[in-house]
């Protein structure tokens, strides 16, 4: 398997999943009170923005770590496929979450479903990283050992953060959505990928 | 972050968003009077064409300015993500605008929503350009200083043009849609990108 | 404008439009008589296959002629955008055509709409070719003059063929769909692109 | 026809088809009993996972065999188009299969339709391989003759495996879905592509 083609395929899937998010916002049914209907839909817009941020940052982090892989193997392709499976799924719980908050029915269940989907996703990221980095299996030689340890901690802590989201979902659905926004911001600022983005001169050229 | 991969991802998002526009045109429900139903839908077709032109020209301008960037950094990736967020959203107000005009209900609200979405988009473009060009942060050395000033004026004037669209929306929804068509034509002919398209010999080769 | 990026963007749009065709086949509503419902939908499946063939062959021909362009300019990008506008639109009349034939209502109108959409598309192809080939504007030097004349005849005859489809639509909707299938087969076998596909050694290598 | 562009187009179609699968899971209608509604939908989730695995592995195998092609010709492009036609179609029977199992109506028909769609797909794969490998038409010189024979057996046996799925569909729809999952796993582990994935040093580098 060619690393470049795997990246291109993954990029395509990220790009499509992020764009399909717009289909999760329910179209208004009553145009006589269009303004009110759209205002009522604010949770759908909020869920759209949060999921967009989540997928966008995932795409960025996907790139950030791929830079450090010297090669890929077949098992890695399957773990990556598992990750994409959970990314492609995101529009579904996003749509339900926004709808439930808008209707004021089933918010708790929707928040739990959304958080579980994200937790599964976090586990996939951890699996991807652990598979690639254990005994430096796929890592390129210039990736420093110290950074590997930091990254391993960050990736294995991800499922913990998202499990907390499930707990918050039981308490309050709005707080849960906000917490997902905060987690996205955290991952946007997280040190590993920030360093990776700065990257080596070779990675940042072209 | 690799500039090439950021462009490819953005291209993918532009391509998908522009193609999803076709889903904004409501399917006819009464096939016995199919002809009339389709004729009644002309505002949806018009909105489809205008939004297609808008996204198509945005894609072109995205390319036009990326040619002049020597590199990208992480903050820039986020500003670009903000831009994509507003691009991906376009099919939603497009669908509402066409529907409202066809039903003759909620046209004013729909026109305002559409124009606000475009204004947010214009602000994202201004942010993208200002971030990249201030103190020539990401500009390549061969981009002339004089052109930088022209471009800055053009990008910061964009939100003004689109704010005018909001004002027109309050007066007349059809005039508002027409005005968006005119703005698209203006950006299609705008001097900066025209020059960029002509480009340097290096840029215009394969 | 970079020719490679224009091709990649066009490829993306072709790939998405061809994939969205699957959404044009209406989902069954009565699962108790699922078999009958699916059999009744055969015109939707037929329309799906015909439109898939049409877009697929267009994509191939798009590639075939781009091989012969030495460069692209801004006006060409707009003509190409016009072509993509009509490609992206295809799923809409496809869905209507299949639905109308299945219901046995509005078939004539649906066949006309489908054929008009294809005629507009044929005009876009003619415009694309004429713009690029007149006075050999964008043609590469090794494209023989004799072939240019053949190609010009083939591209300008396209709208004629598709106008005939409109005439057939007035007579019989099923015959019209079959005729579109025949036209797709014709373009699949047409001499210009066949020659282009064989190509020069440079074009056929990776 | 350029092999690289054909691969890129195919990759795009695979990526979009796999992402559209999420649209096959019906949105809940009753948010008061959201939890139960989602649990009731488990067959839709299962069908989503199976089809995702099927398309993902197909994409991988597509890559695996393309590595061994020295070039492509026009007829091959058409056979590949036929394959894509059946790939793009997959979301349709997937949606029906999940829905039918959930409703407890039409399961048998849905399982048969799903299995027939997969059998057509398997025939397309066989056609693709036979066209490319007969008399080593498109094979690169370094592809060993012994492996060609193995691959031919594997590809021509595919339709047999999927025809068995049709037979199972007549007996039990759930067993049929499980069998499709098993087939996906089989293809994920199949020796040809595993060897191809390991590949030559040239193929596994970036």
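Order as written gives the chain letters A, B, C and D; numbering starts at 1 within each chain.
Note that in this section contacts are C-beta pairs under 8 Å (C-beta built on N, C-alpha and C of every residue); 3 or more make two chains touch, one makes a residue touch a chain.
Given the structure is predicted, the values throughout are model-derived calculations rather than measurements.
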item	value
Residue-number overlap at the chain B/chain C interface, same or different (half cut)	different
Cα-superposition angle relating the copies chain B and chain A, to nearest 5°	90
Furthest chain, CA centroid comparison against chain B	D
Whole-Å gap between the CA centroids of chain A and chain D	26
Distance from chain C to chain A - Cα centre to Cα centre, in angstrom	37
Junction residues of chain C - those touching two or more other chains	8, 12, 16, 20, 23
Category of the chain touch graph - line, ring, star, complete, other	ring
Interchain pairs in contact, sorted by label	A-B, A-D, B-C, C-D
Residue ranges of chain C touching chain D (in the complex, touch as defined)	7-8, 11-12, 14-16, 18-23, 25, 27-28, 31-35, 38, 48-49, 52-53, 56, 59-60, 63-64, 67, 188, 193-194, 197-199, 203-206
For the chain D and chain C complex, residues of the former touching the latter	1-5, 8-9, 12-13, 16-17, 20, 23, 71-74, 77-78, 81, 84-85, 88-89, 91-92, 95-96, 99-100, 103, 105-106, 109-110, 113
